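After the structure tokens below, expect a handful of questions from me.
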Amino acid sequence: MTSDPFFHPVSGFDLPRFAGIPTFMRLPHIAPGDPRFGEIDVAIVGVPWDSGTTNRPGPRHGPRQLRDASTMIRAEHPVSGVRPFEAMACADVGDVAPNPADIQESMKRITAFYDQLLDAGIMPMTAGGDHLSSLPILRSLGRKAPLGMIHFDSHTDLFNSYFGGTMYTHGTPFRRAVEEGLLDPKRVVQIGIRGTAYDTEDKDFAKSVGIRIITIEEFHDRGVADVMAEAREIVGNAPTYVSYDIDFVDPTFAPGTGTPEVGGPNSYQALQVVRALDGLNIVGADMVEVSPPFDTSGGTAFLGVSIMFELLCVMAGRVAAG
Amino acid sequence: MTSDPFFHPVSGFDLPRFAGIPTFMRLPHIAPGDPRFGEIDVAIVGVPWDSGTTNRPGPRHGPRQLRDASTMIRAEHPVSGVRPFEAMACADVGDVAPNPADIQESMKRITAFYDQLLDAGIMPMTAGGDHLSSLPILRSLGRKAPLGMIHFDSHTDLFNSYFGGTMYTHGTPFRRAVEEGLLDPKRVVQIGIRGTAYDTEDKDFAKSVGIRIITIEEFHDRGVADVMAEAREIVGNAPTYVSYDIDFVDPTFAPGTGTPEVGGPNSYQALQVVRALDGLNIVGADMVEVSPPFDTSGGTAFLGVSIMFELLCVMAGRVAAG
Amino acid sequence: MTSDPFFHPVSGFDLPRFAGIPTFMRLPHIAPGDPRFGEIDVAIVGVPWDSGTTNRPGPRHGPRQLRDASTMIRAEHPVSGVRPFEAMACADVGDVAPNPADIQESMKRITAFYDQLLDAGIMPMTAGGDHLSSLPILRSLGRKAPLGMIHFDSHTDLFNSYFGGTMYTHGTPFRRAVEEGLLDPKRVVQIGIRGTAYDTEDKDFAKSVGIRIITIEEFHDRGVADVMAEAREIVGNAPTYVSYDIDFVDPTFAPGTGTPEVGGPNSYQALQVVRALDGLNIVGADMVEVSPPFDTSGGTAFLGVSIMFELLCVMAGRVAAG
Amino acid sequence: MTSDPFFHPVSGFDLPRFAGIPTFMRLPHIAPGDPRFGEIDVAIVGVPWDSGTTNRPGPRHGPRQLRDASTMIRAEHPVSGVRPFEAMACADVGDVAPNPADIQESMKRITAFYDQLLDAGIMPMTAGGDHLSSLPILRSLGRKAPLGMIHFDSHTDLFNSYFGGTMYTHGTPFRRAVEEGLLDPKRVVQIGIRGTAYDTEDKDFAKSVGIRIITIEEFHDRGVADVMAEAREIVGNAPTYVSYDIDFVDPTFAPGTGTPEVGGPNSYQALQVVRALDGLNIVGADMVEVSPPFDTSGGTAFLGVSIMFELLCVMAGRVAAG
Amino acid sequence: MTSDPFFHPVSGFDLPRFAGIPTFMRLPHIAPGDPRFGEIDVAIVGVPWDSGTTNRPGPRHGPRQLRDASTMIRAEHPVSGVRPFEAMACADVGDVAPNPADIQESMKRITAFYDQLLDAGIMPMTAGGDHLSSLPILRSLGRKAPLGMIHFDSHTDLFNSYFGGTMYTHGTPFRRAVEEGLLDPKRVVQIGIRGTAYDTEDKDFAKSVGIRIITIEEFHDRGVADVMAEAREIVGNAPTYVSYDIDFVDPTFAPGTGTPEVGGPNSYQALQVVRALDGLNIVGADMVEVSPPFDTSGGTAFLGVSIMFELLCVMAGRVAAG
Amino acid sequence: MTSDPFFHPVSGFDLPRFAGIPTFMRLPHIAPGDPRFGEIDVAIVGVPWDSGTTNRPGPRHGPRQLRDASTMIRAEHPVSGVRPFEAMACADVGDVAPNPADIQESMKRITAFYDQLLDAGIMPMTAGGDHLSSLPILRSLGRKAPLGMIHFDSHTDLFNSYFGGTMYTHGTPFRRAVEEGLLDPKRVVQIGIRGTAYDTEDKDFAKSVGIRIITIEEFHDRGVADVMAEAREIVGNAPTYVSYDIDFVDPTFAPGTGTPEVGGPNSYQALQVVRALDGLNIVGADMVEVSPPFDTSGGTAFLGVSIMFELLCVMAGRVAAG
């Protein structure tokens, strides 16, 4: 809990929301090394990186656009009344510096950055980046024990390889994470899976290790409440990561992404699924695959930061609970 | 009722819909002072003004774009079969001339324009403009007695002031209207309220004066029919104003607006809520906050005029009823 | 059934999906006259033609954009597991060459092209083109006996004439088709009809000949399953054409079209209605009115090809059944 | 000369330029039949028609967008000081109603409309429409004697036919006009011709009848002043038509057109060539091929109306001269 | 001169240019009150304000977009080799907080902010904002003695009032500045003036007080070198302000602005005119009227920051000279 | 020379230019292995790859968009009258399949593809792809002896490394090519160099090995003819490669690119510099860095293919000369 106004976002009543240098949520920028770095509870981190993208690139521009859109977010949750930036000390810790031309080097840099956060007791909320970003993050967060994961997406990202043997793309991160012992597959649930398929290799793998896949058909049939109750049960009270690929949402609501699949949830459901996470033992979250070049109206980024705010409110509950 | 073809829109069967000077709904342009001005039942008025906007500007361009999109509207309601332009004499009476650099002066001009309509017994259907436009309109329509209001919006617009004491912005019109006795708060209902909040000042005010707020969560849970039944009860049979902020609708369906909030109604619900107004004692209506610079595909304006057509059909019922 | 890899689309695992010459679905291009033309089971045909458009033009660019978007489609249906390009030999047979400045000449060329397909025992899947395209196609497919039709649209396209006597526009094809005996009106159902109306001439005609119109209100009230069950009953087991106007879908999900009507189905329902066609005796299908100049994000075309894939899977079931 | 304020555009000092119903140049709308029709000196006419387009359609939307952009034009020429709307009575006479699905019928309607103007002694300034529009206009203006023509374009529009015998497209109007005796080819000059060619059929025809073609290479080498001096000499003092295809200008300056050719004049040269027409015996002018769907920023339409203003100033000189 | 790496922009070789929180030119953010504030030589200031705009709004979004685009700027001038961020200590000092709904209050806040800079001996480089922004800035910079000014623009901004008596709009700032004694009109030159005119009131005023107007026609005829030589002579060696309205540049090169006028300089000339300022006694500069909502490709902002970099290099020369 | 109509593009007089499967220039698609592969004189090759991009990605989409735009190109050069597709057998040989997640592997695949062409005596015309594409191409073309190069660009692409040691990016290809002996630096000229600089490392290298850099300032001062005469002299009659980065052209004319620099040549100059290559001993050419996601109007791709046509005409001269 922080009542230190230093950590409060600038209010739109003081400085209009279109004004000012766009940090995430208009929070203070506190880079690693800053004297107040240690006071942070939750860090919002940019991972401007899309070298794992096998299709249309763009998520490297995600953090910049998400910062811009985030200046539209205000202080208080409309339903729960949670004021996350008062409940916990949040800060924009800047971007990890990727090397767009070297995947392995970039992954090392990302893991090292998150290790720094973890060592300082800071919980990360990531703005990606393509979905490969989640792997180096999990290498840090899951370094001690495998995590559970609630994964919103239209794709499983559980393939073994692409293009004849390439093991690290945005279609493979969770296969690697399971293999590396970063995720406990029995505590992983993937929600919203849909779209035409290459084959069933990914789903076969999921089955073989115990990952639960909830297709979009099941999602639409059962509804948010029922599906999320099952998801909560799967991850239980143990440490859990939340990975939110914006292409979980129907591409009409979120066109700014590289590999859209039609027929997904609407924007209200996109928020509801996060609200249903309240009380879980969340240790980190990401919002990935926001691709500004395909976001002609900016609406995808705004939806993205609206979801990030919901995630922060859920995290605030847990921080408050200690 | 008018069978005078002078007041009928040009048919798309005669002049293709992309052709011709774009007056509202392809109606005749009858400015105040015109000899036929007195024959008008319902005037469509443009209020090209957004000086009350605290965030992203643009609604000053709304009337122009709404006129353009309105040439896609035809003669007959698909469900009720109402033909509003035969049921009543409608006209495009042009735009009020605002002074973009003087808020008080602009409000005076707007009120004066509507007084002219009222004096001639003409009911106004407004194409805004930002939501501050509703205040000077209500100063005319509510000059004799406070009105009820059905207000579709994602924001309450009930704040006291912005930027340290600025009383007239698009976030304050209905606070002012209640204070000025133009609205009867007990006969005011606000539907669709959502989004992150500065604080609860606006909702506290609503509570204190008896304004009923129906949040988007309640809207989605109860459904259109149930919510609108309550709304009808709240306003009753007394004179009622309808204020429709396009940001009531989910921003994916209506991206062309300045302060979007995700998670709103879809376009079908956007029409249904108006159909549910049938038979009410409506004395005027507005469609506000359509902001063309953010409407990359023109879809917002088209939805806006589709809603305006629904409003006209509801008005036609009342005009028919005498 | 074909296991000949010649007819399989190029996999995104071999050649990234943004690469390569964009044929429909990355299928081989086999023009009439090609030695392997006779092996084709289902031909995807482009009809780049919009001379029948009375409003905003653009569908002449549809086939090009649909080909481009179709390279995002993979091999397998996510629910049924159908792999249509293995179940039947599919090919891109190119575009019919229209004459943009001569409607009658263009219709003759289209009919002649489809006659060629029919003579070779090939079932056509068309990428239009405006809706007038369906008439010359039906002149071929329905030349021997009138067909049933399941027609997804927001308009009936049953008007008699436009602009004082013009009989061939995209608002009249099915009136002509009924008059010419190409369709059996008692086996025709139109789903999704909505929007402001000129008058009831089209609906009166439908009633007089026995065409069943299911309005959008009925669609939303009853739901996909119930409506489609009725549609299946109407067409029965006899040969049936499927005509899918992209403006059936709500314009927020499919803005790239010339005559949008708000309040339509979402993208999930857009797929579901096709899945419900499984097992019908389909002899051809079209996807029309995709208008790239109004499709600012490309999402309409992607939805269009997603629907085309669903249609192909339904056709595959029938081809499999022999 | 008119000092009647009825004919003066609304000033941006009175009504902001984004406000009001968008007539051409904010002039009064005076349809044929209006009592003041006979007082008009110069009529601005919309021809919303593009059925002659063999490539990308869109100019049917030109008049609407040109009207919109024209509200940015003020009263006085910055160099000459001419105030055209005081020098002559100008009005927006509305659009000719085309039949988008019937070329011959549309041409008849256009010619009839211009005959009405001519009979009333009104000089037309046209906002097209594709370039085929010029043919039915010339059938009116050139009905008594063949005219000279200064033609700005990247294409000659002198082809004989398209698609195997189609005689009326936007690539053939001036071939037809010469054949029909509407233009005196020896008094015709075409400026700015460029781009890849089908063949030399059009240029061979030009040569055979004495039309002078000034290619873009010659234009850039010699400069505006020299080229326009020759053009003036070619048309002399006899009645002359000015046809200005927006694709004369480089497509970077005017992207909103259907058949762009790179390497053209810039926007300053686009104005200069019109200024050089001062004093000629102009009997009519057109601005054609403005295609809003391809004009992503609206800049093409604004350049188009800026050129139309220049043309009106040149016309004003002649009207002043009697 | 500063060799303190604290003041150096982050290199694109270390952090890719699309990454990081977008401060101006990737400089450190040093707000007034910061301990290092006093070390700054040149402050880049955002003025996100457009309440003086009489036409299309948007420049309130300018500073945000200019910051974003500025991350594309590198360290060294390609011709002179000047490295401005090493030659002087530059910083992003954030935005002045305007009140979008109160013009007078906003002007007071702006002047107060610049007074702070002046008191600290910091030279301001402003990113506007509409052109009215220059007036409150000049009220600070010219408080002791009237300044000379080199003004690049297509408009004189010398009108007396708008809308019947409104004295403070973006069309009047320099009339006010002359009246208030902030500018010495005999040392003011306006370059690039063009476009249709309301009347000659502004030019008459210029003449009466001795302001030199160089029209675009004169600019194109004489060329950059000749025109700028005269400009240098006009302002001489005394303190001079540089005001650069992006609409000086042709709107094809800079579409993102509210009141474009065609026929202006190209992007190369846009840079050249600044290079010609080298050695002048510049005390401040602004880049105004960049309007992101009309900058569909972002090119306007990138040109804007490219010009700002040129201005900084010129300032660096003077700082170096002491 | 080929008179075989098999190799002629489809004429827009037969099939409208918006129709048909978009191969480059509407040429036949002849993949390696096709029986007619050996008859090809000039192959147009797509390299859909941008993994070397350090800034904004997108050129992987270049070949697709260039193919689409290329259907606007006709048969004959407007000045020289050359008909390249009759002068030599041209074909679209498809795209090299890159691996977007593996730079070294992709370079190997590219070199292997070009080796195939070289072995068959086919001259390549490449549609990139980012500028790193040129390196693996040169590894094939320059395998026997170092080539000369005329390089149009705003950047030298001669840096040693990025991000602390990354040797293969789109900023380093020609440094590598010189080091690997693929280019003879004394026969290399770079034209159009401009923009803010990191430092002078690249220019120092150029100087040290004898590469001639012609800056944009020199280009504008001397003019096309003079500069190109020097360029011709530098490369002489020996085998020469032409590398054309679209960012050579001013970004207003070619916004669709990742690293724009303002102040470049216009579209006419963009063509003229190619025309000046006539008669040189060209052994291959590329058009790179066309980035569709930033090409909001498609104009960049159209300019790109217009330049490719000019390059083909120059190649045709050489093929004709034997």
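Read from first to last, the chains carry the letters A, B, C, D, E and F; within each, the first residue is number 1.
To be clear about the criterion, contacts are C-beta pairs under 8 Å (C-beta built on N, C-alpha and C of every residue); 3 or more make two chains touch, one makes a residue touch a chain.
Because the structure is predicted, anything quoted here is derived from the model rather than measured.
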{"item": "Chains touching both chain A and chain E, listed by label", "value": "B, F"}
{"item": "Farthest chain relative to chain B (centres taken as mean CA coordinates)", "value": "F"}
{"item": "Same vs different contact residues, chain D with chain F, by half of numbers used", "value": "different"}
{"item": "Reference interface A-E: repeating pair among C-F, B-C or A-F with over half of contacts shared", "value": "C-F"}
{"item": "Most distant chain from chain C, judged by the mean position of its C-alpha atoms", "value": "E"}
{"item": "Turn needed to bring chain B onto chain C - CA fit, degrees, nearest 5", "value": "120"}
{"item": "Chain E and chain F, separation of their C-alpha mean positions in angstrom", "value": "39"}
{"item": "Approximate Å spacing (C-alpha centroids) for the pair chain A, chain D", "value": "56"}
{"item": "Multi-partner residues of chain D (at least 2 other chains)", "value": "14, 16, 18, 54, 56, 60-61, 100, 162-164, 252, 266, 294, 296"}
{"item": "Chain pairs that touch, as defined at the top of this document", "value": "A-B, A-C, A-E, A-F, B-C, B-D, B-E, C-D, C-F, D-E, D-F, E-F"}
{"item": "Touch list for chain E against partner chain B, complex", "value": "50-54, 56-58, 60-61, 99-103, 105, 162-164, 166, 168-169, 293-294"}
{"item": "Residues of chain C touching chain B in the complex", "value": "54-56, 162-164, 193-200, 215-217, 220, 250-252, 255, 259-260, 262-264, 266, 294, 296"}
{"item": "Residue ranges of chain B in contact with chain D within the complex", "value": "14-16, 18-23, 29, 46, 48, 60-61, 63-64, 67-68, 92, 94-95, 97-98, 100"}
{"item": "Of chain B, residues touching chain C in the complex", "value": "11-14, 16-18, 72-79, 81, 252-253, 266-268, 270-271, 296-299, 302-303, 306, 309"}
